[in-house]
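What follows is a group of structures, each given as structure tokens.
Both of the next two complexes hold chain A, though its partner changes from chain B to chain C.
Here is the complex of A and B:
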């Protein structure tokens, strides 16, 4: 029987009506179930939100009262610039420019080396942490937990430990960044690995490849653009992160910023902050451009 | 001689391959036909151990395939080169490297990590590519090639493995008729010139009839026919492809090879059936 019954046969029309009515019923029931789930999840979300507001003391009046104070602090750090003596004022404001730029350079290098070291470690661990690439679940479990440990301990805590072990200076900061990076990049890399096309892997395996060969020739070529993209994203984050590590004495411009804050050198604070913001923006923009080019190239270049 | 003795493979409750015993003499070109899900792919994957063998024995000379491990298993996989329906090339590597992957079964791990292959390997890869008319594309990325070219790259990769047999799993199912013919011609030439056994899963009858010395029909995991193309009568075809509920199988509807092959007319087929 075709979808539309002939008009002349009331029996057939009746049956079709029944079928449509029963489908309509099924559709309604299905809709109701879905609506119920949505409501349930919505209620859970609101509950969680209310609970966290209560626990974290978040309050709108507090925000309204506090905001002007925060602004006062920021405004207090800005120097008085007059048009007549602009050059001299600026020179006065950025009196430590050469020293700060050196520290800034050190900060960027810390972020860079930390990212590279962490990336290498992440690459070494990510294959064992990919569900589709390991059959031995004990190895998978161990790799996952290791990565978790590396990234859940905050950078600052690692930095404190390493400052204690290796002394003040950027070396401790680099290690702290590398370890945290290994943990977070390893997880992201593993997720990339879990999304690769299985067919080339099978092709390599069928040619007689062992496990490392399947990883190198089957997985890595597919995952490489995404690895690079995540690595650059991490570099952005790490340069920002490196500037805070100075607070615990682990090198970089953070140390100088912390001294300025502690000694109420207000104009120094704003000068260093401006330099930091400018640098991180430049790195952000550069990395983002490269990342987009990588991903965009892959989108147009692939199948 | 490759021999399968009472081989059975189960995935959970479904029996993919059911008590199959077959032997393949060296140099044969064998077509395995059957509906999707008849167990053809599983059968090939059992032979090169991409799937572990459940029950029964698979032997090649005095090699017990089920017992192979590590280096020997890799060498065995290299000896029975596999061609896949979806080519299974590494898209982002160039064609030459894809062909060189045919050598990893006997290569050391460390050089492969840096994609280093001896010059002699590169020379034979170039020769294999030239044989398949793909030398101009040798330095392009594999995913820039057409489907038919990619499948020929896969055949070049298979040749690099210096195989004793080639297992082709639906090699032409994703290709247009012209490319399907090119690929089947290449497999046929390799079979005849290099005396390499070719076992080829096909879901179309005309390709099997046109290229194979011997046809094995599978249905629901079991072998239901094993003979020469001329013995393949419409009653047998019905048994391989038909179900009780379905109408007679029309052979011309399963054609992938296009009109240039000598397609038998219905009358001829009836004649054959009468023999």
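Here is the complex of A and C:
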């Protein structure tokens, strides 16, 4: 216990204790800073929540009254089926089946052709929007901004305007889908392009290929499976989207659904919704199967 | 030398034809696929009545509309539009939060490693998928009918449309957790709830938050149009302006939507980058 002590004596233990204390102090300080940040973000979140509640007329009493009303509404759309007259009841429920199937078919066609046209436009724009493929930054910038514009304006807004310009019917809807699809697929295609292997491109260049040849022979063969996969993903989304376009008069089953809801044809609403769910499920499953066969994993980042 | 080279290639073509051309069956199948595709495209174009005349007429009309839109001008509606935009953001925010809150328990119920009964798993997953088939605008139509016009219907439409999809994504995130922390909690005597709180939640929370932010972004976009069917927000203003042919104001609203979406995307991207 003297002042002159080798390692392992109280003095060293003391030093160690100090170090632990200083470490703990720093740890606590860090923790406090972190807590402050969490609190700050939490306060911001609560503030945003309160503001949203105030602006959107949302209230707990409103919710308590509204939810049963919404539930009653949904339950009210289901027809009364009795076991004795099941066949007749079903026939009554789906009385418009032939007409609805025709409209559903039109909806699918709109999704399909909209995806194809949008895909062609996306393919035309995507190379100019890939940073590794263009040296001119003005072209790159223009292509990127164009794609951004095409995908940020909501599909339905395009549909509203196109119905004005091209008249009522599926043609306006298809154009709206195609324009929006070009924007979102173009961005995704460009991202695929940016991830291709550089070596084949150099090979084509070394053999004297010009820019279009480099794209066609260097980039496209590498990117094609991913293009196809994104196209199929978009097809699923577009068939779903096409079902809503009828609301603004742009063709498809949406028109009929809109009329049914507006005129309180309750059982028609549920019948059309069920048909719609069945159709989109079948298309989803089909596309998913093909996609998995094409690239073998899931894609993300498609909005 | 070159001649010998050509002769070599000719000989190789004779002895190994399969290297130079694909088998006949495969070629026929490819041709059939392309033909089918071309027929489908042609039929679709015929169905939607896409004649060149129509395109030209429409384009000239569209050009006229664009002419009417320039310059975009809010007129006296600037504050109305701003408030409507705020309403849109509020709808998207509340709708996403409600959907996320409901989706957390749904996600745990739908995860194979939490509820290992496969009949239940299969049923709940199909249920999640079924909801995905309905577009947000259709939900909005239904909720406007059920609870009346206004942003409240929009909030409900966003929440109901998203909760099942988020539930599915959450369930997938939960299924992908690392087993080791879970085993650790179990080995030190933790029960079911402890496992969820200390083993699973810390792993999935960042993933879930990132999904929720992504949905918020996409909901801001979709909330801008819900007003078209009467569910509040900027969409109502936009469709009104188009209906009464006030194209300058309509163009201004579209620009407002573009700017708002860009700002929200940028903020949300920064938060997401920080989280993961």
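Quick note on the criterion: the second predicted complex is superposed on the first by the 229 of 303 C-alpha atoms of A that agree within 3 Å, B and C clash if a C-alpha of one lies under 4 Å from a C-alpha of the other, contacts with A are read in each partner's own complex, and residues count from 1 in each chain.
Going forward, a residue touches a chain if its C-beta (ideal position, glycine included) is under 8 Å from a C-beta of that chain, and two chains touch if they have at least 3 such contacts.
All values derive from a computational prediction rather than experimental measurement.
**Q** With the two structures laid over each other on chain A, which partner does A:101 touch: chain B (first), chain C (second), both, or neither?
**A** neither
**Q** State whether A:228 touches chain B only (first), chain C only (second), both chains, or neither.
**A** neither
**Q** With both complexes superposed on chain A, which partner does A:109 reach: first (chain B), second (chain C), both or neither?
**A** second
**Q** Spot which of chain B and chain C makes contact with more residues of chain A, would you?
**A** Of the two chains, more chain A residues are contacted by C.
**Q** Counting only touches as set out at the top, which of chain B and chain C does A:284 meet: first, second, both, neither?
**A** Only chain C; A:284 stays clear of chain B.
**Q** Quick one: classify A:168 as touching chain B (first), chain C (second), both or neither.
**A** neither
**Q** Just to be sure I read the superposition right, which of the two partners does A:142 touch: chain B = first, chain C = second, or both, or neither?
**A** neither
**Q** I'd like to check the shared interface: which positions of chain A are touched by both chain B and chain C across the two complexes?
**A** 303
**Q** Please output the residues of chain A touching chain B within their complex, sorted ascending.
**A** Those residues of chain A that touch chain B are 197, 199-200, 202-210, 212-213, 216-218, 221-222, 224, 301-303.
**Q** Please name which positions on chain B make contact with chain A in the complex.
**A** Within the complex, chain B contacts chain A at residues 48, 50, 74-78, 81-82, 84, 86-93, 97, 101-106, 109, 112-113, 115, 141, 143, 154, 157, 161.
**Q** Can you name the residues of chain C that touch chain A in the complex?
**A** Residue list for chain C touching chain A: 40-41, 43-45, 47-50, 54, 57-59, 61-62, 65, 83, 86-87, 89-91, 93-94, 97, 129-130, 132-138, 141-143, 145-147, 150-152, 154-156, 217-218, 221-222, 224-225, 228-229, 232, 235, 238-239, 242, 254, 257-258, 261-262.
**Q** For chain A, which residues count as touching chain C in their complex?
**A** 48-49, 51-58, 62, 66, 69-70, 72-74, 106, 109-110, 112-113, 116, 148-149, 152-154, 156-157, 160-162, 164-167, 169-171, 174, 240-241, 243-244, 247-248, 251, 254, 257-258, 261, 264, 269, 273, 276-277, 279-281, 284, 303
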